[in-house]
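Look at the two complexes coming up: chain A is in both, with chain B in one and chain C in the other.
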Partner chain A sequence: MNKYLQIFKISFAQEFAYRLNFIMWRVRNVLQIFLVFFLWTTIFADQSKEIFGYNRDKIITYVFGILVLKALVLSARVIDVSGEISRGDLTNYLLRPVNYFKYWFTRDLSSKALNLSFAAVEFFLLYLVLKPSLFFQTDAIQLAGFLLATSLAIFLFFVLLFIVSFVPFWAPELGWGAQYLLIIVATEFLSGGLFPLDILPIKFQEVLYFTPFPYLIFFPLQIFLGKVTGLALVKGILISSLWTFILFYSMKKLWYKGLLVYRAEGR
Partner chain B sequence: MTNSKIQMLSIVKRLAYYFRIWLMMSKNSFITYFQSRVGALIFLTGKTLRFIFFIGFLFYILKNTGNLAGYSLNQAIFFFVTFNVVDVFAQFLFREVYRFRPLVISGNFDLVLVKPVNALFRSLMGGADLYDLITIPPLIFAVYYLGSQLNPSLLHTAFYILLLLNGLLIAAAFHIAVISFGIITLEIDHSIMIYRDVISLGRLPIDIYREPLRGALTYLIPVGIMMTFPAKALMGLITSTGIFFSFILGGILLFASLRFWNYALKQYTSASS
Partner chain C sequence: MAVDKKENDEKAIIVEHLTKNFEVTVKEKGLAGSLASLFSPKKKTVRALKNISFTIKPGELVGFIGPNGAGKTTTLKILSGLLYPTSGFTQVLGFDPWERRPDYLKKIALVMGQKNQLWWDLPAIDTLELNRAIYEIPKRKYEETLDELVSILEVKKLLNVQVRRLSLGQRMRLEFVAALLHSPQILFLDEPTIGLDLVAQQKVRDFIYEYNRRRGATIILTSHNMDDLIDLAKRVIVIDRGEILFDGDLQDLVKEFARDKIIKVYLSREDDIKELEKIGKLKKFDFPLAILSVSREATAIAAAELLQNFAVSDLTIEEEPIEEIIRRVFKGEMRKKKK
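Here is the complex of A and B:
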């Protein structure tokens, strides 16, 4: 345990080695929020208006929620795994007495801790500048559901990203492509990281809810906003857990298959 | 032959010389893209999906709300497509900027400086992007199709094209500023990504933003002039003063960026070479 605590500390310190890079990355996150915030503010110019089941407070809370959940769920160091495999650097880890998955999960947690602390400051500053009227959930069950769904989302994204990072075992030059499709395209749109998914046609939503993507950002935020309650909440948590389990199992299988074809190219 | 004619001929010859060099550099750049066809397919799929998703997002929002800051669905999509035209053309032409940092860090920029080609031209336009080139024809078709549904006059269409060129000029000025900044600070990757994030605020008409952000996006970081003004001109929503002002600002920014480039070159230390 102490081993992973040290990894956490080192990884946290490493993030500060490239301070400008990190600050620029956070600036980018804030800029992305501006477009969505002002878009929804314009649509809800009339404060009494209700569209897609959202009032102004709830939709603005959704936008601010994206900032926090992206820091919590989507900030991950696992993104470096793909490069390590294609460069052959994975060998270094295979020779060390560390569990590769625990190592990266610890590094992910340190990245999330740092991103979350910055997101909290940004949240506060944006709150002061934009003066939005936000919705705060007070129901204990909904808050517990939100925390559970967020924890599952963190683990789900970790597993998803790991699976995609295994592509270089078989195609070393295509690691970036798989990550690009998963992170830039799928998570940006299908996770609800840009807009709430319930503005889409019902049929499309029904299909989408059977994929893992909505459970990364959209589902936890829906619980926080009180739009998913009771049985629907339980059903969502079950689907999310099932995906986590299936993908975790697939990740393990692919890892062992990948190791069999790993040739440590580049070392 | 008069002096002015000789000068004109010399300029044309110089332009033809640089055009030939650009074709040569672009050909070399395109060859590298053919090395990974699957990669190209993935990239184009991703780009197309992002484009479709965003249009779908706009479509479903405006289907329910009726308008966005007073603009209809067609107009809102036209703003988005116009944004893409400026953005994709800029990326197609100025992709080399993304590869500039290693040149400066390694000191290999020396090799660019000693060649009988303008160093700025080489650094800015030395590696056209094939993927962006592929997306240009469908984008132009989308502009033509959506634009014609807005029934613009010939004059408004001419203004639209001129303002698009002005938008590209401003994009060039920003890219020049980024590589100049890179020579001084060695920081390019994030500067260019921040530039991209800022201009992505122009995916929708800047009318949706509140002051002082809207003012900043018009005069300070003229995203509005680059992306929103051309589309507004086609819709006949820009005055001739606004159009005139846009060109003046475009000229000033290009001039300022060129001065900054000259200043940055004097700071280049050729370290590591």
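Here is the complex of A and C:
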């Protein structure tokens, strides 16, 4: 365990090596919050207005929620894996008694911890400045469901990104393209990272619920907002657990297949 | 492949009938070529290792030599568990390298002159601490080994400097520290002195020699640096195009592969150089000394001719120098000699 604690520490130190980058990235986040806050307050200028089942408080909570969940779920260091495979840097890990997946999961957690602690401070300051009327979930079951769904989402995204990162084992030049496709199309659009998915046609939504993507952002947020409860909540957790399970085993299998053809290039 | 159990215990490394093929996509040059290979990729099989066999005893220091692309690095990568062998048997310290068991990985190290494991943005000591945790080295053992490595390689002052600020030579020495912190019994060194200045080369060389002698570590070394091989390797394995052409003492390599003998003559009169060239390949002429290279079989006749037709004050016949032989190995000229 000490192994992974040390990885956590060095990863933290590494993030701080690029302090300015990190701060600029946080500044961008804050600006984004300002932007969406004013956009939605303008649209919902009339307090009683309701669109697609969202009133002003809930849509603003949704938008704030997107920012928090994106920082939590979609910010992942695993993004570097495909480069490591195509450049042959994977060699460094294969030579040492360290589990590559645990290594990257630890690094992800360290990056998320850092992002989250900053996000918490920002959130607090912004709350003081903007005084938004947010919707706070108070029901313990909903909150527990939200935490569970978020943890699953973190793991699910980790596994998804890892699978996509294996592409360079077979096609070293395609690594970036594959990642881009996953991140832009799947995670930004289909996860509900841009807008609530329930404004989409109902048929489309039904199909979408059987894919892993809505469970990354939309589903946990819906639980928080109290829009998914009871049986629907359990069903959602089950589907995302199933996906996590299936994808986890595919990841393992692909990893061993990939190692068979790994060329340890770079020399 | 039944290998006698008792015999196995005396071998650190066993390689039997090892073959490795790579599938590569052939790409025509230019954009048109790239597009063509995208739609109908042409696959080609490259035979990197063709049925090679050798064994290495514990504590041996063996040099792998051969031209670029001969299969030296491929062999090291298979032995350290990075590449999956197409066929054949490999065993190192009783382990199958491909399984990459933690117990195995803790006993080996692969150092590649152009691959770094040090974290670029952080001081080297951070990577060393990380390796201490990864290899689960007890605190006291870690401090002892670190002290020893740091003093032999003279890098104490560099430990707390951001790696990106170090010169190549400084970084390579720290890479060594990082790679050897867990005191591996087996070292695979791939071009360990590449890109280093002469002083740093010598430091690394001395270090390898000491490491082998003091710890009884088994070392396989590939290098294009003549001094590395002559100073360090007693036994050499010559690999070319995936085949082993020679395996034995460096001294015997000369006997096996020397095609020519060197005749040194001191002339007492400045004769026509043209005449000398008829006898053998004139390698150097600086009156009174003339150095001729003559094929082995013709040595006696050449010497007789020289004595007969020239005013010779002294004449010696020598073997080709070892450097010359190794240089020919690197050029891939060994092939012709074989059978």
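Quick note on the criterion: the second predicted complex is superposed on the first by the 260 of 267 C-alpha atoms of A that agree within 3 Å, B and C clash if a C-alpha of one lies under 4 Å from a C-alpha of the other, contacts with A are read in each partner's own complex, and residues count from 1 in each chain.
The rule we apply is simple: a contact is a pair of C-beta atoms (placed from the backbone, for glycine too) under 8 Å apart; a residue touches a chain by one contact, two chains touch by 3 or more.
Just so it is clear, the structure is predicted and the values come from calculations on it, not from any experiment.
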When chain B and chain C are modelled together on chain A, clash or fit: fit
First (chain B), second (chain C), both or neither touched by A:L194: first
First, second, both or neither for A:I141, with chain B first and chain C second: neither
Which superposed partner A:A120 touches (first chain B, second chain C, both, neither): neither
Partner chain(s) touched by A:I246 [first = chain B, second = chain C, both, neither]: neither
Superposed arrangement, angle subtended at the Cα centre of chain A by chain B and chain C, nearest 10 degrees: 90
Residue contacts on chain A - larger count, chain B or chain C: B
Which superposed partner A:V185 touches (first chain B, second chain C, both, neither): first
Superposition-derived minimum Cα distance between chain C and chain B (Å): 5
Those residues of chain A which chain B touches in one complex and chain C touches in the other: none
Sites on chain A touched by chain C in the complex: 2-3, 5-7, 10, 13-14, 17-18, 88-89, 91-92, 94-98, 259-264, 266-267
Contacting residues of chain C [partner chain A, same complex]: 22-23, 73, 77, 80-84, 100, 102, 105-106, 108-110, 112, 114-115, 117, 119, 121-122, 126-127, 129-136, 190
Complex interface listing, chain A residues touching chain B: 20-21, 24-25, 27-28, 31-32, 34-35, 38-39, 41-43, 51-52, 171, 173-174, 176-178, 180-181, 184-185, 188-189, 194-195, 199-201
Chain A-touching residues of chain B, taken from the complex the two chains share: 36, 38-39, 42-43, 45-46, 49-50, 53-54, 56-57, 60-61, 64-65, 68-69, 187, 190-191, 193-194, 197-198, 200-201, 203-204, 208-210, 213
